[in-house]
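Next up: some structures, all given as structure tokens.
One chain, chain A, appears in both complexes that follow, with chain B as partner in the first and chain C in the second.
Then we have the complex of A and B:
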């Protein structure tokens, strides 16, 4: 769809970028269809699929009933037959009913059939906190799916990364869960190339270079970390890595950075125990033990249930907690 | 049907000898269900199965050697020994598994039917698949999705039937109603067990109850339903009444039924009945039965020979290479997956060579 004057002048939001990627890929490949609850007429709960049904018709942008297991199972069947379905699950917590289909079917068919059947499926899921909603409207379940071999997990933080990663996900022959940080959906605009491009799944992005400490994060926490870095004293030189892909994650990029800096803080929204931050910490000690000058710190949500609006900002990592962890690690 | 029965008998023996591991759900008794229904569809109609799937795989045309080797967990199996009893896949024969979670295969059937309808209604060409060159003209297809009566109580089926009814997807849900979900009889676990069609009707899906022990009547009733679904591109539901002679799996004490009940079903065995029909009731133009005793005995010998060859093939086949443990998880290399640090892509699936 043509860009609006506002998009041309000020750039694209995360929502705009995802919508543009979907639209361009549906135009390019007739096997690509979007389906989900209210994705058609209403344009999706966050309006990410706005206009796609008008442009491509109800056969390619399909409103489904509230039926996550059915949506996911049907999408897997479509993918088995050679289609490129993109189901939307309205909130990450609603993956629950679809979990069986994702973990026991989508993630395993390549292995179970020894490569005879693959599942080119991209599951779009609004993810994470920051919209004042409790529990399963604000969770961060990336570790659950990373713990399911065969499933790729992507979580972009910026509009331009989102477009390139989404196009890569749709063209990937394996199932990809594409987590879209809700907090970033309309939080800022940036210049996004209008043409078709992909960003490889599994590659992290170095956002700022530094010499004393590495911060690893993804999703909306990237912006909490950038804000933290802006407020650090001049003598603290911190390197910031946006992981972008959670599974398979870019262990080489993380290890190379930590070998250089000797210190690491991992920042995530999810609860601490058994999380992606735990996995990163373990990987860093396995690969960089003799380079480490301090224990790896984790700044996370808490091992409790994501709270409702008034306590939300206490739960999510903020610049104060991130700066404290950086300070402790540097002073260790 | 005779091939399936002989195959299953040999599976039971191999299981007792600990040559087949894990679980093994035998199809003995139900043979007419798979043979009668699968012969009513085209070779490129997609098929999805539950876990009691060896019989369907053979009826669909899978090589008995590849099927038995899969049971044995050998590298020459249909999934290279990775799937086992519950995971019979044969892409060239449009067989999309073999699924171990009760009812979870039913939305997959809706998806395959959706894709089939999309091919001719929206794309105007066939999707690229083994044996189907890109750009081939599309054909109207029907997806057969099998389930047991136990799956009637799973939520996934009801979501799938709602979608199939809503979008008018050409999928036929075939309930192989053998009366028991593992050890629970259908009356103890399922409402409206006397009229399962009411469940389908609630989703706007028509269908019929069919005697699954009489192969000729089964085919005669099922074939027009397939033709109707293909022509009108609508879903259907079949309550196929059948019975399994063996336990649910190999370790089933069968406290839930009497020996008399099993014997009563065996007395109307589908293979015996069909053989009797061909040998004494149906006569050819010469006035003699269409199947002679000698020919029947030759078929028995032929089936035994073929299954013995399948067992020998499985026994002689190599176990999967250790590197296969780390293969075929994702398309791209995933470092650190194997203890040796290397990722392998694995040898090609034998059925796709």
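Then we have the complex of A and C:
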């Protein structure tokens, strides 16, 4: 779809960039279809699929019954038959009913059939907190799907990364779960190449270079970290890594950075225990043991149920908590 | 204001060949030819032998678990015959082996699966079946997705999915029926109601009088057939297939049959089933009535029976040889098929067969430099 004057002048939001990637890929590849609850005429509750049904018709951008296991299970059959389905689960809190189909079927078919049946699908999921949404609309379950072998887990933070990573995900021969940080959906605009491009899944991005400490994060927390870095004293030189993909994650990039800085803080919205931050901490101590000058610190959501809107900002890592963790780690 | 009927429906029960081998000639018209019935009966003998030998393999420790198909052969063969080999697609549970074999799945695949070998699920190219499905009811949605793709691509193909009476209690049954009817995809739902979901009888599974009537809620057609009657199963499935292909809608076929064996070799049905009930169903065994019918038509005799049994024995032994003659999988196979391209961490685990980091990264751990820790 042609870009609007606003998009040309000011750049694309995350919503615009994902929409453009979907549109371009549907144009390029007739096997690609979008399906989910309210994705058609309504364009999705976040308008990410806006205009796709109008442009490609109701057989390519399909409103389904309200049925997450149904969406995921039929997407598996569609993929098996050679289509490239892009199911949307409306919010990450509704992944529960689809979990069995995703983890026990989509993720296992290649392995259990020794490659005879493969499931190239990309599940799009609005993800994370910070937008004052109702209950079950603000969780961060990325580690759950990383702990389930057979899937890839992608967590972009910016419009341009989202476009390139989504195109890579759709073309990936394996199931990919693509978490879209709701808090970033419309929070800013940036220049995004109009042409078709991909960003490799599994590669982190170095956002700022530094010498004293490495911060590793992904998704909406990237912006909490950037804000933190802006406020740090000049003598604190921090390297910031946006992991971008959770499974497989770029352990080499993290290890290389921590070997240089000797200190690391991991920041995530998800609860602390048994999380991606835990995995990173373990990996860093395994790979960088003799380089470490301080224990790896995790700044996370608490090990509680994600609170309702009134307390969500107290739950989510913010610049104050991140700065404090950086300070403690540097002082260790 | 008068009360009106908003909707009314009824469920038909179809039987063509009764348990005594008597055929309703009128209903049987245009169904199976004599050759097809002879062929089907010979396959019943082959596959029953195979089923029995699988049971003995398990008992002697040569197979880990096995769910016997015994008694449900007519349901599998009648429906399998109704679907077009190489064109239509079968999405099974695990008690319709005969249908899968009919559509080209090498029987040793099923044996390998139950011997604990994923290679049994490596469906050969051109064989239109999915591997047997172990969790209950999940496969129906895959069938609907496949059928949906055929519809979107305007291919004249149809999918049949198999499941048991227990599976109709799963949410995925509801979601699959609902998707199938809402999008009117070319899919046939085939329920093998064998009366038992492990130890839970059909009556405790649902308060519905029939499984077939569940179709009505989704705007589908429901029909109950005698599942041990090859003719009825074939006729109902053929009609359902043609109806689905023509865009005429979904049919839920409830095939009334009986699990003559245990749930699996890990189960002992004597704990929860009456012997009298099992015996009454044993008399309705599809093999008995099919043979009686063929004999009454002069198409079968003792001599043919003896020859067919010899064939069945040799067939089953051949499958045992094939499935036991294959070397244990390489350890790396558990890693090699997880993703199209193996991720770095997984490659390290595969190449070292270790997960501890000092084994994975010897160059970083100091182990590569001998004596470091001691020096």
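Note that the second predicted complex is superposed on the first by the 330 of 332 C-alpha atoms of A that agree within 3 Å, B and C clash if a C-alpha of one lies under 4 Å from a C-alpha of the other, contacts with A are read in each partner's own complex, and residues count from 1 in each chain.
Definition applied: contacts are C-beta pairs under 8 Å (C-beta built on N, C-alpha and C of every residue); 3 or more make two chains touch, one makes a residue touch a chain.
All figures in this text were calculated on a predicted structure; none of them were measured in a lab.
When the two complexes are overlaid on chain A, chain B and chain C occupy overlapping space and clash.
Look at A:88: by the touch rule set out above, it reaches neither chain B nor chain C. Once the two complexes are laid over each other on the shared chain, residue contacts for A:269 go to neither chain B nor chain C. In the superposition on chain A, contact of A:111 is made with both chain B and chain C. By the touch criterion defined above, A:251 reaches both chain B and chain C.
Applying the stated contact rule after C-alpha superposition, one finds that A:78 touches each of chain B and chain C. By the touch criterion defined above, A:173 reaches both chain B and chain C. Overlaid on A, the two complexes show chain B and chain C touching the same residues of chain A, namely 33, 59, 64-65, 67, 69-70, 72-83, 85, 97, 100-101, 104-105, 110-118, 149-150, 152, 172-174, 202, 248, 251-252.
Partner chain B is touched in their complex by these residues of chain A: 30-31, 33, 59-60, 62, 64-65, 67, 69-83, 85, 97, 100-101, 104-105, 109-118, 149-150, 152, 172-174, 201-202, 248, 251-252. On chain B, the positions that touch chain A within their shared complex are 46, 48, 79-80, 82-83, 87, 89, 91, 96-97, 99-101, 104, 106-116, 118, 121-123, 127-129, 155-156, 159-160, 162-163, 166-167, 327-332, 334-336, 345-346, 348-349, 351-352.
Within the complex, the chain A residues that touch chain C are 33, 59, 64-65, 67, 69-70, 72-83, 85, 97, 100-101, 104-105, 110-118, 149-150, 152, 172-174, 202, 248, 251-252, 286-287, 289-290. Interface residues of chain C, counted against chain A in their complex, comprise 91, 118-119, 121-125, 130-131, 135, 138, 140-150, 152, 171-172, 175-176, 178-179, 182, 333-334, 337-340, 343-346, 357, 360-361, 364-366.
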